[in-house]
Amino acid sequence: MSLKIINKSDLMPFVANMMGEYEVIGPVANDIGFKFATLTDASQVRLNYNTTVIPPRKTLLPTQETLFSFQKDMLAPTFDMKWRVLLGVHTCDLHAMCMLDEAFARGQPDTHYMKRRATTTIVSMECLDTCDENSFCKSMNTLTATSGFDLHLIQLGDFYAVDVGTTAGEALLANHAKSHEATRAEIALLDKTMSQKWSKFPVRLHLDGKDLPALMGVSYKSPLWEEVGKRCFGCGSCNIVCPTCYCFDVRDEVSMDGKSGERYRIWDSCQLDEFARIGSGENFRKTHAHRLRHRFMRKGKYIAEAFPGHQGCVGCGRCARACLVDITPVGVWNSLRQDHA
Amino acid sequence: MAQNMKIDVHHVTRVEGHGNITVNAKNGVLEECRLDIVETPRFFEAMLRGRPYTDASHITSRICGICAVGHATASLRASETALGVELSEQAWLLRKLIFHGEILDSHVLHTYMLVAPDFFKVGSVIPLAGIAPDAVLRALRMKKLAGDLCAMVGGRHTHPIAMSVGGFTHLPTVDELKAMRARLIDARKDMDETVALFKTLPWPQFTRETEYVALSKPDEYAFIDGTITTTDGGRYHLNDYRKVTNEKCVEHSSSKHTAHKRESYMVGALARFNVNSKQLHPKAQEAADALGLKAVCTNPYLNSAAQVVEMVHSIEESVKICDELIARGIKKEDAYKFAGKGGTGVGACEVPRGLLFHNYEIGDDGKIVNANCIIPTGQNLANIEADMRALVPQILDQGQEKVTFALEMLVRAYDPCISCSVHFLDVKFV
Amino acid sequence: MSIPAIESIYLPTLAWISKVETMTATEKFYTVELPRGQSLGHKPGQFVQISLNGIGEAPISISSSPSRSNGKFEMCVRKVGDVTTALHNLGEGAQIGVRGPYGRGFPVEQFEGRDILVAAGGLSLAPVRSVINQIFDHRKKYDRFIILYGAKNPGELLFKEEREEWKKRSDVEFLETVDKGTPEWTGNVGVITTLFPKITVNPRNTVAITEGPPIMYRFVLMELLGKGIPEDQIWVSLERRMKCGVGKCGHCQLDHFYCCQHGPSFNYAEIKGVMEAL
Amino acid sequence: MKPKVAFFDFTSCEGCQLTVVDSLQTHLDLLDVVEIVQFREAMSERGEDYAIAFVEGSITREADEARLKQIREQAALVVALGACAHLGGVNAIKNLAPLDDVRQYVYGDKHKWYETYAARPISAVVKVDAFIPGCPIDREEFIRVVKAVLLGKKPPIPDYPVCVECKLKENNCMFHKGGFCLGPVTRAGCGAICPTYSDGCEGCRGAIPNPNQDAMKDVLKEHGLTVDEVMARMTMFNAFDASQLGK
C-alpha cells in the first residue's frame, strides 16, 4: 500500500487519539528496562526502547487466560474481544507473531487466540540500531518486515514514515493521525536510512537462519547437549521470554464450595521437569540435556518444517539475556556449526 | 474463709507463643504465682553471628510473625547506627508509614480477635462472628487495610521484603499512595465505631502502681528511635539500654526477666500512653478521653484501650505521611554500599507490644560479630507476675473459675508475644 | 471441522455416565451417553478429553468400536491422579464433560483383506479393543486375526467376559500371558514376547497393531520386525502428556510430531527415525 | 459434614498461623467449608477430634516429639505449614554451629536450664502428607491447598523454580540489577514476591526436585559473592538440608 508521513510532533496526538477508541498497548519503562503495558497516558510510551523482558505475544496469548467459567454444570466460554492497538512492535517480534498466527490457525483454529487476533491492530517499528550484544536478527532475517503489520513506523529524523500494510491500518491512520502522502524527498531519506542501517547490525551467527534446519538435522547426537545440560538450571526463563514459544498448561480454579470456577491456561515451559511426564511416571525428556536439545530443535528445525515460511527463532536474543549460565542460541548454533564445518 | 486453690492453665490461648499460668494458694495464702514461658528457646543471637549484616533484618523478622516489621526496623536501625548510615527523608517517611501499618494490624488483631471474645464470653472470633458479625467484619476490613498498607511499602506484612539497610529496595508509586490515602480516610468511620464499641466494654477494675517505660522524642509520639524514658523520671540514651533492662535468667521461663529500679516495669501501648500521651494526634486524644483513659493510668487491663487510641493515631499519621509523600513525589534512591568499616550500634523501636532493642557489633568484613535482642514481652513478664500476685488475693474468694478467667485476661491484656520474648543472655560488648 | 463463531474449542460437551463396572483394583469401565443420542463419530484408536469441572481434563482412549456406538461410547480408566481419581468416585448418572474425538486412529479400511495381528499390554487392551471389535463386526473383510495380550498378573487382565468369548471363537487366534502367575493361574507365564514363538504369520500379508507401556512395545516391535513384517505394515499407539488435544499446548510433541494430531496411532515407518518416539 | 481441622505450632514465629487468620479477610467462606476445632493462637476452644492437622514450626527438643506423634496418630492428614515445619527454616541455622556453643552464647552459665537439640522439619519425626512451603506461607496458596484437599486433588504446589513466576511477572532479573537470587533452584508458588520487591529470593520455599546447586554457586560467585556469603545465602532457610548433606 501507500507510504505516509507523520510529523514527530503529531505522533503523541496520534497515540492519544487512538487511546480514545482503543486499548493501546505499547512499550513503557519498567524499573531498569521496558515492558509492554496498556497506556494510561500517551506520554508513557517509549518508542526508542531496546527490548522487553517478555515479548508482546502476551497480547495475543496472555500469560494467563480464562477459557471458560462454570457454575455447577453451566459452562460459559470467555473471550476477550476488546479492540486494541499493539504499538511499537519490533520486527523480530512481528515475525514471531506471524508464526503464532499460523500455529493457532492450523488444524482446529484456537478460537480464543483467533478472536483476540481479529480485534488487535498491530503498529510495528523499524529498528535502526541493535538492542544489545545478544540479538542476532540480521542472521535470522527478521531485521525488517514487509508484511504482518497494519502500520509500520520508521523514524526518519523529525518525522515517521508510515508503511500502510492493511485497510485496517489505513483506517486507523486516516481516523486518528495527521499524516500526508510521502514526498519524493522523504522517500529519498527513507531509502538512505534503510540502506545505511544494515551495516550497524553485526553478524553474530556464523550461518544463515535458513540453514538451521539442515544443521539441526545432523546435530541430534551432538555431545554439546550433555555439556550445556550440566550448566542448565531447567529454570524455564528462556521459554517464558521467547516470542516464538507458545506452550501452555491448563488448570482449574474453583470457589471455596467447589461449585463454580474456571478453567484457564498459563504459559508453560518445556525446560521444566514435569513437562513431558505421563501418568505412569515415565518422563520422555528426563534430563536437562534432553530438554535443551528439544528446545533448540524446535527453535532451529521443527517449527521451520511444520510451518513453512516461518522460523522457530527470530533472533531477538531475549533467552540469551535471561539465561544466567550463558546458554545462548548464538553460542549453541555456532558451536554445532563448527563441529560440522 | 480459708481458701485453697490450684490453677494450672496449660498453654494460655489467644496469645502468641506458649505460656502456662500456675497459682497455688493454701489457706488463703498465695504460695506460688507464676507465668511460665515454655516456648522452645530459639537462639537468634547465636544464629546471627558470622552472617552478613544484610541478612540480619531478614532473619530477625522471623522472631515474630506479628511484629515482623518492628523487628526488621529495630534490626536495620542497629546496623545503620553501627555503620553510620544516614536515612533520607523519604526513607524515614516510608519507615514510619509501614510501622504505623504494623501498629494498626497488630492492635486490630489483639483488640478485636484476641481480647474482645473475653468480653462477649466466647472462646474466639469464630463464635463472635455469630453474635457480633458487624464487629468481626469491621475488624477484618481494618486488618486488610493495615496489611495492604504494609504490603504497599514492604511487599507484605509478615516478614517484609523491601526494607533494607539504608532504605528500601522497592518504592510505592504516587498512584498507590493516593489510593491508600483514600482508603485510610474511609477507615475513619470504622475507627469511630471501634472507639464506640470499646467504650462500652466493662474493663476489670484493678490498679497497681508500677514503672512505665517507653521511648520518647521531643517532636513526636515516638515509635522509632528516641530516648528511653520512664514514669519514675529515668532518661537514658539508647546505648545505655542495659541500665534499664538488667536481664536475668529465671528457671521457670525460657524468656529472661528484666527490672529497672523497682522489681519490674511495664512496656507497651499503656506505657507509651503514660509517657507520651500529650504527643498523640488530637483525634487520638479525643478517643482517649472517650475511653476514659488518663495518664498515668495504672490499670493493666486498659492496655487494650490504649491500643485503640494508638490505632486512631496511626491512621491519622498515615494519612499525613501519605500526603507528604504525594506532595514530594517518589524518588529513586541509590542503595547503600558497605564501605568496609564495621561498628557497634543499638536500634530501638516501640513495636505494638512495647520497647524492642537490637544491638549488633559488625566487623570490617560486614559480618555480625555479636548480637543481642531484648524483646518487649520479656520486659513485661516480671510485671505480669507482680500484677498476678497483687490481683489474686483480691479476688481469691470468687472461686477458681473466675480467678482463672481474670488471670488469663490479664496475661492477654499485655498482648504478650511469647515466642519473641524467648531469647537469651547479655553479651557485653557495648 | 469448522468452529461456530462463538464456540470455544476448549468447551466440553456435557455427557452422562450411564454405566460403571469395576474391572480391577485400579481400573473402572464406563459407558458414556452423549446428549440427544448423538454419535461420537470416532475411528478406532482415537481418544477424547474427559473433563470434570474444577478438577481438570485427561485424555482417555475410546474403548468401544464405532460399529457399536449409537449414542454411547465406552472407556476404561486407570486411577493415577486428580481427574482419574475423581472419575473413579463418580457413579452412574453423573455428568462429565467430553471433547473430541481427537487424534488419528488406525486406518482399518486400509487393512481390509489383510491378516491382522494385535499385541496389547496391560491397560492398552482397552483402546485396542476398539479395533478388535471393529474387526469382529466386519470379520469377513479381513483374513486371519491374531490377538496377543499380556499383563503383569492375572488380577490386571481386563475384559474377562470378552476374553472368554474370544477363546471360544474359531475366527480368532487369541493368546494371553501374565508376567507373574498366581497359584490359580493355569495359563501362560512370561512377558508378551514369549507368545511370539507360538504363532506363525505370513509377514507379507500381515498388518500388526501394538500398544502398551514403552518397555513392552519396544520389545514387541523387535519381534514384529524379526518376523519380517514390513515397517509400513506396523502400527503403534503412543502415550504422551497432553493438555489440549488439538495440537496447541505443546506437551505431546515428539520431535516435529504432535502426538495428539499425528497420533496417537503412528505408522512405524513414519516414526522409526523420530528419536524421541520409541 | 465439614471436615474438622486443627492448627498446631512448635518452634516458629507463628507468622504462618497469622497468615491463615489473614486469609479470612478475603476468604471468610473458609469457615463454611471446614470446622476449626483447635487453634491456640486464635481461639480458646480446644477439640481433640480432628481429621486434618496443620502443623507450624520445627522440632527443636525431644519433649515436642511426643506431642507431634500424638497429632499424627489422630489426624488422617498432616500438613506442614510453612518453612519451619517443611524445612526446619531459620531455626536450623543454629545447627551449623556446635550446640553447646550456641546455648552458652545465649543463656551463659544457665544454659542447662533450657532443653534444645538440632532443629528439624516435622517430616524428620513423623510422616507428613502434604506441605505448604514459604516463610511465611502465601495466603492464596494456603487457600488453594485447602480447596484441593476438599476436592480430593493433590495440593497444587509447583515443582518448578521461582524464575518461571518471576519472568511471568515481567520482573527484571535481580542479577541484572546487581543483586543476588536463589530463584533458579527454589520452588515457585510465591509469585516471585521477593524479586518483585527487588530483593533476591532467599530460598524460603526449599529447593525444587533436582536443583542444579553447583550452577547456582557458580552464578553467585560470578556475580561477586564470597564462598562464605554463598553459603550464608543458601542456608538461611535450608540449613537443615545443608547439615544433612554433610552427614
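For reference, chains read A, B, C and D in written order, and residue numbers begin at 1 within each chain.
Going forward, contacts are C-beta pairs under 8 Å (C-beta built on N, C-alpha and C of every residue); 3 or more make two chains touch, one makes a residue touch a chain.
These numbers come from a predicted model, not from an experiment.
Asker: Quick check: more C-beta contact pairs in A-D or C-D?
Answerer: So, comparing the two chain pairs, more contacts are at A-D.
Asker: Could you state the distance in Å from the CA-based centre of subunit A to that of subunit D?
Answerer: 38
Asker: Taking each chain's centre as its mean C-alpha position, how far apart are subunit C and subunit D in Å?
Answerer: The computed centroid separation for subunit C versus subunit D comes out at 44 Å.
Asker: Suppose each chain is reduced to the average of its Cα coordinates; what separation in Å results between subunit B and subunit D?
Answerer: Measuring from centre to centre gives 25 Å for this pair.
Asker: Taking the mean of the C-alpha atoms as each chain's centre, how many Å separate subunit B from subunit C?
Answerer: Averaging C-alpha atoms per chain gives centres 66 Å apart.
Asker: Can you list the residues of subunit A that touch 2 or more other chains?
Answerer: Counting only residues that touch two or more other chains, subunit A contributes 251, 254, 258.
Asker: Multi-chain contacts only, two chains or more: what residues does subunit D have there?
Answerer: Residue numbers touching two or more other chains: 151, 198.
Asker: Counting only residues that touch at least two other chains, what does the list for subunit C look like?
Answerer: If we look for residues of subunit C contacting two or more partner chains, we find 54-55, 81.
Asker: Who touches whom among the chains?
Answerer: The complete list of chain pairs in contact reads A-C, A-D, B-D, C-D.
Asker: In the complex of these two chains, what residues of subunit D are touching subunit B?
Answerer: Within the complex, subunit D contacts subunit B at residues 10-19, 21-22, 24-26, 28, 31, 36, 39-46, 60-61, 64, 89-91, 93-94, 97, 101-103, 105-108, 110, 113-114, 116, 135-136, 193-194, 196-199, 202, 228-229, 232-233, 236.
Asker: Give every residue of subunit D touching subunit C within the complex, in rising order.
Answerer: Checking each residue of subunit D against subunit C gives 151-154.
Asker: Along subunit A, where are the residues that touch subunit C in the complex?
Answerer: Its residues touching subunit C are 67-68, 70, 73, 75, 77-79, 103-104, 106-112, 220, 246-252, 254, 258, 261, 263, 265, 268, 270, 275-280, 282, 284-285, 294, 297-298, 301-302, 305-306.
Asker: Using the touch rule from the top, collect the residues of subunit A that touch subunit D in their complex.
Answerer: So the residues of subunit A in touch with subunit D come to 30-33, 35, 52-54, 63-64, 230-237, 240-241, 251, 253-258, 266-267, 269, 272-274, 288, 321-322, 324-325.
Asker: With touch defined as at the start, can you tell me which subunit B residues reach subunit D in the complex?
Answerer: 11, 13-17, 39-43, 45-47, 49-52, 55, 58-59, 62-66, 68, 109, 113-114, 117, 123-126, 129, 140-141, 143-144, 147, 154-159, 161-162, 164, 169-170, 249, 251, 254, 367, 419-420, 423-425, 427
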